[in-house]
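Chain nomenclature is as follows: A, B, C and D, assigned in order of appearance, with residue numbering initiated at 1 for each chain independently.
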Amino acid sequence: MIKKILITDENIDFLLKIEELSDQIITRCDQCGVCSGSCPLVSEMDITPSQMMRMVQLGQKEIMDSKTMWICASCYTCTVRCPRGLDPSKVAESLRQLRLRQGLDHINIKNIPKDEIEILPQIALVSAMRKFTS
Amino acid sequence: MEEEKNKRLDPQEVMERIAAASKPMVAGVEDKDVEYWVTIYIMGRAYKVPADLTILTAMEYAGYKFIRGCGCRQGFCGGCSTVYRKKGEYKLQSGMACQTRVEDGMYLVQIPFVPAEKASYDINKEEYNVSTMFKYYPELARCVSCNTCTKACPQKLEVMDYVQAAIKGDFKAVAELSFDCIQCGLCALRCPAELVQYDIAQLVRRMYGRYGSGKEPEHLLKRIKEIEEGKFNQEMDKITSLTREDLEKLYAEREREPD
Amino acid sequence: MEKSNENIKIGVYICHCGGNISEIVDVKEVASFAEKQPNVVLVRDYGHMCSEIGQQLVIDDIKGNKLDAVVIAACSPHFQGKTFMNILEVAGLSPYMFEMANIREQCAWPHFNTPSDATQKAKYLTYIAIAKARLNKPLKKKIIPVGKNVLVIGAGIAGIQASLDLGDAGFQVYLVEKEPSIGGHMAQLSRTFPTEDCAACILSPKMADVSSNPNINLFIYSEIKNIEGYLGNFKVEIEKKPRYVNVDKCIACGICEEKCPIKNVPDKFEEELKTRPAIYTPFDFAVPNKNLIDPETCLRLTKGGKVCGLCEKFCPEGAIDFNDQPEKVGFNVDTIIVATGFDIFDATQKKVYGYGKYENVITALEMERMIVHAAEGNPIRDLGTRIGFIQCVGSRDEQVGREYCSRICCMYATKLAQLLKRSDPNRDIYIFYTDLRAYGKGFEEYYKRAQDTGVKFIRGRVAEAIEDSKTKKVTLKGEDTLTRQIIESEFDTVVLSVGLGLSETSNKITDMLKLAKSPDGFLQEAHPKFRPVDTLVDGVFLAGTVQGPKDIPDTVAQASAATARAIRLMNQGGYSKDPILAFVHEELCDGCQLCIKHCPTNAIKISSGVAKVNEVMCLGCGSCIASCPRDALDLHCYTNEQLLAQIESALKEKQDGQIRILVFADDVTSYRLADNVGTAKMPYSTDSIIIRVPSSSRITPKLILQAFSLGADAILISESEEKSSPFPHSIKVIGDNVTKVKDILTQIGVDKERVQFIQFVTVMLWGFVNNINNLADFARKLGPIPIQKRTELVENVNKRLFGG
Amino acid sequence: MKILYYPGCTLKTSAKNFEESAIASAKTMDIELIELTRWNCCGTVFSLTSDDLIHHVAPIRNLIRVQEMNKQGLVKGEFRLVTLCAMCYNTLKRSNLRVKENPEDLEKINNLMYLEEDYEVKVEVIHFLKLLEDMGFEKVNEKVKNPLKNLKIAPYYGCMLLRPKEVGIDDPEDPTIQEELLEKLGAEVINNPFKKVCCGSYQTVQDKNIVVDLSYSILTRAQKEGAEAITTSCPLCAFNLDNRQKEVKEKYPHFKEIPVFYFTQLMSIAFGLDKKYCRFDLNYIDPEPLIKSKGLL
């Protein structure tokens, strides 16, 4: 269903917050799509990284319900290829932190299956905790 | 002015004053006998108490009855954890009420019990490896090694070090570093990653004791053999055959430390 | 003859300006005040000095009373200054014996609400003008002889167009080209957008004209070794590389090429898609269409002795000459046009597209050659049916340090795509773009034609290309940002639309001529809007892609523009320049060379132990003067003596309790800004006196300290903002001068905020007014500088300024 | 040459094969890897938000330990810290860079860790591969007793060694450092175009079939290019590419298992060291049959 969006500066504070957290001038992104084309996990995402940048640019808070920033594996392929020298991985991290800092963990560590825990190396557990819990 | 006087005492004199103050102060000594007084704030309410008491005895002097939040009174049961702030300092410090002297202007509150959830497990059925620990306490992986727990520990243990050793699977180090832990909960209260360090250390100490140290507990085994050989049967029969009065008499005259 | 200034006769005229001045300023009072001044022999006040009658009045007075100098107190010199200077010339006086007191825009108008103060200020301004006029010299405009020779560097379409225009206009052209043929990159193209006319067809007639034009001396296969000198006197040294073929005898019959055993030399013109023999002609419509031998691959030239020599044996004309030597040639030219063109982006730098590693990834220039050969019937390789164009390769990409857009790639890609599609309709052709830039004349229609032809445009930049090692097909991965879907599809051929960069040869030329580069690496034009083909070095012009990426029409237009700008200087045989130039008091100069590095065009040279200013190169900014510890350097029309006289007369009548602010205003921006403020009738403090200088970098720290010691309460140094200033590094020089003054003021215990340096643009009206008023209030609050400190200010100034 | 070395938590447990083979092969190259004392977690994964400092405390404390060991004379003037695990390398190096570029952050971190000495930003974090490259791979070649003849290896880099550019040890788009090392070990090197594609990293905890698909595409592409084994330098990549082959097999039954080495294991074999240093028991897909088939064991 095609949605109408209001291009007003009302939701500029969302953009400013993400720009401050990620230390990126997000309005500089000109939507060339290289980050989406480079992302190894883009097929798992509901919206592509370039669309994520676009929604932040327009201050659309619905981005917080998307799972894109949770699929990001911080592999920095987009970082080394962005022609504008921006860093989408930092924008994804800022979106995650916006949720995590409200104390809402993304995964419930207690119900990670026991047989999984047995084989997972510490580097996996520690990294996952860092990215998915507050 | 009063506070100045306390500061200049040399340690020897301090020991004597504690000894004098520890005389059964609670039992109705007149105010005139007390030489030095301090004001402390228990949960915000001011009380004038003799200068040299521990927080525990000072609170009792102020009229508090301890149902919980007190145990061995000797600093090893971890029951009387307290959070306090000295006058003029910004830091919230923590320690055992029975081991910390009161100071003038001290603001304090007791945290008698830390509601942490201890995992239930049967140590016999657990394997001796790192994943067992992560199975019961996955949050261990959240440790950011910021060392806040070490600063909170009244026993001055290197708490962060034993947590890191746990992640590394160096159970021997965990056991040794956490041996003196009195499970007072103060580290868990301060941890930004919301770990319960002492429960984790307890699990590791049990695993290490059971599988890791490889040394058998000789005196325990010796004692068990003696019991099985019936060394104490004769004495046991004697006690079990006593009447209630004899038992009470025996109990009253028992040898124990002074009040 | 030059009169010593004691008995110089000055005429002073006060203009009513039809009430504009007389309604505010009491012109009679100013006139009577002027009469009392020494050397003033005649004073008049008149309704309209600039009118026919007014002007005749001055001419008759000059002739009648043998006046030596004229002072007119009226409007701004920017308004009627030129008119009055011409009158002096008509009357036989040097126009530089004229001084103007700006009592309208900088006195009557802004101080309309305080007539009495305005009258006092008008007196000061007239008094200052007289003091300066007393010291004026009868200078003449400098005529710099400029001949009619011009050097054109680079013979691509830009160089060719410029040379033809100049040749037709009768100027002697020295056209130098490093390649063995003229034509540049355009010769390599198949067709040109948007009209699709064949590049060779429209280029070869022009190339033919170059060789037939008598005024063009073509130095082909030659490199420029050195260029020195200045406008009207550029000494050029070039080296003609040896061709080992006598050009007059060779008739390009091609027999030598057949006989030559070496056949496998990669041909740079064909982008190394084809090979050529060791003896070759550059390409079929080359000019000059003569052979040459490649010294690196010819057996005889590499092995020496009697090896091979087949070409010599079979040449019917005996044109082969193995011991041909490089030949040095030197000549002088008056102006230079730099047209050294571009190099395409080295696509191997963009590793993610695999150019150089993957077989079927080629650059657009290689595709041009393939289309040319395909059109001739012998295609170089089979391009397959699925062809993908990747845009912005080496442009708009900070990862390879190239932020700018190369402007032409969208259009040449659209052209190549259509040509390929039309030559084989069942080809699938895709162009991956971010913004399709079809901005020029006929471009949008041509883009639509491509869409009609069936070329498909995908809006999304390709993220990476991966080759299937077996099938050699290349898979492009990217996002179609319009549908937000990921595209991953295989192509037989991938064409990289590579951007443009400054050519390698341009770097050498830039160093020789000391030209500036813009941030994108291309050469910097003097002013992006008003002097787009000039450079900051007089007499050197830019044409074509050396100044930035552009297409052929823009290049040709720029070439003709550069020609016009060069002709402007060369046409009258001389180029007149204001005599406001630096000069050296030779008796004071000890040749210490401290000043050399301060001149932006390094016009100062040491000859016979003394500094000498090259009057052609000197811009007249005066920024060298502050660097001389012995005050040996000076500036005509704004000598130290004259400026000091102006400062003294500005401060002489200062009563106790009064304050005086000196404002040194650069003529280009600040002085005009002051006029604009006056015209807008925006009042500001009458305690401020504006003194005009070509650039405030002329105001040395010593002058500022002397002004303070003479009683100035605060000084404002104002200069045009760096971006729009005609003087390259005046801002930095002023900054250093003001810092030195502030340090000395602090040492002596005078508030360092009494001296201010502000950069202005002519529209900052409120900025100007507020700065002056704030400075005036600040000075009034501080009060005058104590006498003892004022004398201390000028004690051993040299030691403080230059140390040691 | 004595040099300080930071193992990282996983190398002490499930990735012991990486550590032991590294120490052994380093010793053969007469590099003595001295383990950092009282090291703590490297603070993985490098925290990307601009206002977050607490997550840089852990890496900076490790770097302070390097300072301490120099002051205690355990090493003299050796401020290089060698890492093996790519994740530790990336996190330590980026945190080091972060405090170098933001002195006010460094001051806050130093104040927080008042129990430790101040960090003086003198430490240089380098990776073992870079150390070998700087020493010159010919020296590696000199020590080879048992060249890995016709062992077809596709080196795998993942992300943390190459990206972002300010810490990458090689060109992020076209790395060759592992290829050069393996050639010097005598192996036949296969170029896998997916050698720099991410293995899914910590997603293996949240949703392992993301990792299954990625490993499947990386491994099959390597096999398609003719590779018989993969090398990597990160325990997480090793886990995702090696241990997860179980799930890959379940989802793609026709998939043929392929062993995943740590490059230091291949060094140990090439140096002819005892098999016990390679601890092949910790590799999920047993690599020994492949090595035996090449007569290297």
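The rule is short, and it goes like this: contacts are C-beta pairs under 8 Å (C-beta built on N, C-alpha and C of every residue); 3 or more make two chains touch, one makes a residue touch a chain.
Quick caveat, the model's predicted, so the values are computed rather than measured.
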| item | value |
| --- | --- |
| Chain pair with the most C-beta contacts | A-D |
| Closest chain to global C-alpha mean, per-chain Cα centroids | A |
| Centroid spacing, where centroids are CA-atom means, of chain C and chain D in whole angstrom | 54 |
| Chain B-chain C separation of Cα centroids, rounded to whole Å | 82 |
| Inter-centroid spacing, chain C versus chain A (mean Cα positions, whole Å) | 47 |
| Length of the line joining the C-alpha centres of chain A and chain B, rounded to whole Å | 45 |
| Sequence positions of chain C contacting 2 or more other chains | 352, 464 |
| Where chain B touches two or more other chains, by residue | 130, 167 |
| Shared-contact residues (touching 2 or more other chains) in chain A | 43, 80, 112, 119-120, 122, 125-126, 128, 130 |
| Contacting chain pairs - touch in the sense defined above | A-B, A-C, A-D, B-D, C-D |
| Sites on chain A touched by chain C in the complex | 30-38, 42-43, 47-48, 50-51, 80-85 |
| Residues of chain B defined as touching chain D within the complex | 129-130, 143-147, 150-151, 160-161, 164, 167-170, 192 |
| Residue ranges of chain D touching chain A (in the complex, touch as defined) | 8-10, 13-15, 41, 44-52, 55, 85, 87, 158-159, 162-165, 168, 172-173, 196-198, 200-208, 210, 213-214, 234-236, 239, 243 |
| Complex contacts: residues of chain C adjacent to chain D | 351-352, 357, 464, 466-467, 469 |
| Chain A partner contacts - residues on chain C that touch it in the complex | 352, 392, 396-399, 434-435, 459-464, 477-481, 484, 486-487 |
